[in-house]
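In the two assemblies presented below, chain A is common to both, partnered first by chain B and then by chain C.
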Partner chain A sequence: MSALAPYVGKAVVVITSDGRLFTGILQGYDQTTNIILESAKERVITPDAPTEVLDLGLYLLRGESVALCGLVDDEIDSQIEWDKVRGLRLGETKKLGR
Partner chain B sequence: MLPLTLLNTSQGHPMLVELKSGETLNGHLVNCDAWMNLTLKEVVQTNSDGTRFFRLPECYVRGNNIKYLRVPDEVLDIAREKNQQQREEQRKSNQPQRGGYNRQYSSSGQRGGYNRNRGGGNFGRGGGQFQRGGRGY
Partner chain C sequence: MLFFSFFKTLIDEQVIVELKNDMSVRGTLKSVDQFLNIKLDDVSVVDEVKYPHLSAVKNVFIRGSVVRYVHLPGAVVDTALLEDATRKEAASQASKMGGR
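On to the complex of A and B.
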């Protein structure tokens, strides 16, 4: 079973079930994927306007709202000009019935 | 660090809770449990549009309704200090008694040197009783 242990202390990107994108340093997690993000920032990517970055501070995300948690490659990330990035807004996740 | 540990440490601190419905609750955390159920006091409830505000002296949030919590930055440092303190306390209680003579001898009067008397006295090994000096067990 894979866990988030190798990501602790590193910069990660989290996408939540409502389609929001957060970056921050993963400080902790548990079996339900509740996540502690330090220095969390939300990146709002839209089709027309420059990417907004909102500084949020210390975040505790509930596992149910976490869709994805990925490791940031600092090399690649520093080469991206985020204010030039454009994109469609992510939708919400759908809960499928049993 | 476990997320619920951080949550427990933030008791007494102000925080923002966003619910799955998009409503936000701003207030001080009174208590929390393993299911992330919370009691908050002096709460300002805002609807998901940000257009309506309610003030509640107290409220209870069932954990499964929470999307996320925003917590003051200093809580992380406080939680880390607590972890360190707990670890030090564990170390102290695990360590065998050292330094000077072990005064937990029974009246067999055995100290360093040969321990000729086996079976009598406190000869525990591990569990905190060690005999200093001496060649026997």
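On to the complex of A and C.
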């Protein structure tokens, strides 16, 4: 059974179906992949500007909009200078009209 | 249930999951569930320069609903067994539908 149980209480990165990236501490989840993040932050990564960070606090993400949830490796994360990171804007999982 | 069982036989194999947002993630298949949610260990994003978003991440949980493809190592799949299982499944589905 593939569950998010091992990630609870740990720092995670969530990518949503509309192409946004959130980080936070996973507080809870359920069968439909609804996710509760504590100390949530949105990281806006673009190809040509410094990474923006938006502080969001306690967040509930609806399962429908969750694409991926990754476990953050704190060692590696502390070595990354996130404001220098550049990348493509993430795509959406649903093309318009479908 | 067939593909759930199929994926269970591929646990510990290296696969590439292509998501509907066009990102591809390579990793070792560790877990799958009835929704075909996938857990991968030791991941690397296929075009890391374009997608540095997961640079600090080694293990991921991917929601089944956003998977477009799962690229598999051909050598690992017993196609005869899979064909056979598919025929059995099709037969049982046909009989469930009342022989329509």
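Convention: the second predicted complex is superposed on the first by the 94 of 98 C-alpha atoms of A that agree within 3 Å, B and C clash if a C-alpha of one lies under 4 Å from a C-alpha of the other, contacts with A are read in each partner's own complex, and residues count from 1 in each chain.
Going forward, a contact is a pair of C-beta atoms (placed from the backbone, for glycine too) under 8 Å apart; a residue touches a chain by one contact, two chains touch by 3 or more.
Since this is a predicted model, take the numbers as computed values, not measurements.
With both complexes brought onto chain A, simultaneous placement of chain B and chain C is permitted, the two fitting side by side without a clash. More residues of chain A are in touch with C than with the other of chain B and chain C.
Once the two complexes are laid over each other on the shared chain, residue contacts for A:Glu52 go to neither chain B nor chain C. Contact with chain B, but none with chain C, is seen for A:Glu38 once the two complexes are overlaid on the shared chain.
Within the superposed three-chain model, A:Ile76 lies in touch with chain C and out of touch with chain B [touch as defined at top]. When both complexes are overlaid on chain A, the residue A:Gly91 reaches chain C alone and has no touch with chain B. In the superposed pair of complexes, A:Arg62 makes contact with chain B only, with no contact to chain C. Remark: least CA distance from chain B to chain C after fitting both complexes onto chain A is 15 Å. Within chain A, the residues touching chain B in one complex and chain C in the other are 64.
Residues 19-23, 25, 31-33, 37-39, 43, 49-63, 65-66 of chain C touch chain A in their complex.
Of all residues in chain A, those touching chain B in their complex are 16, 18, 27-30, 34-36, 38, 56-62, 64-65. Against chain C, in their complex, chain A makes its touches with residues 1-4, 7, 13, 15, 17, 19, 21, 33, 43, 45, 63-64, 66-74, 76-77, 80, 85-88, 90-94.
Interface of chain B with chain A (complex): residues 1-7, 20, 36, 63-64, 66-73, 75-76.
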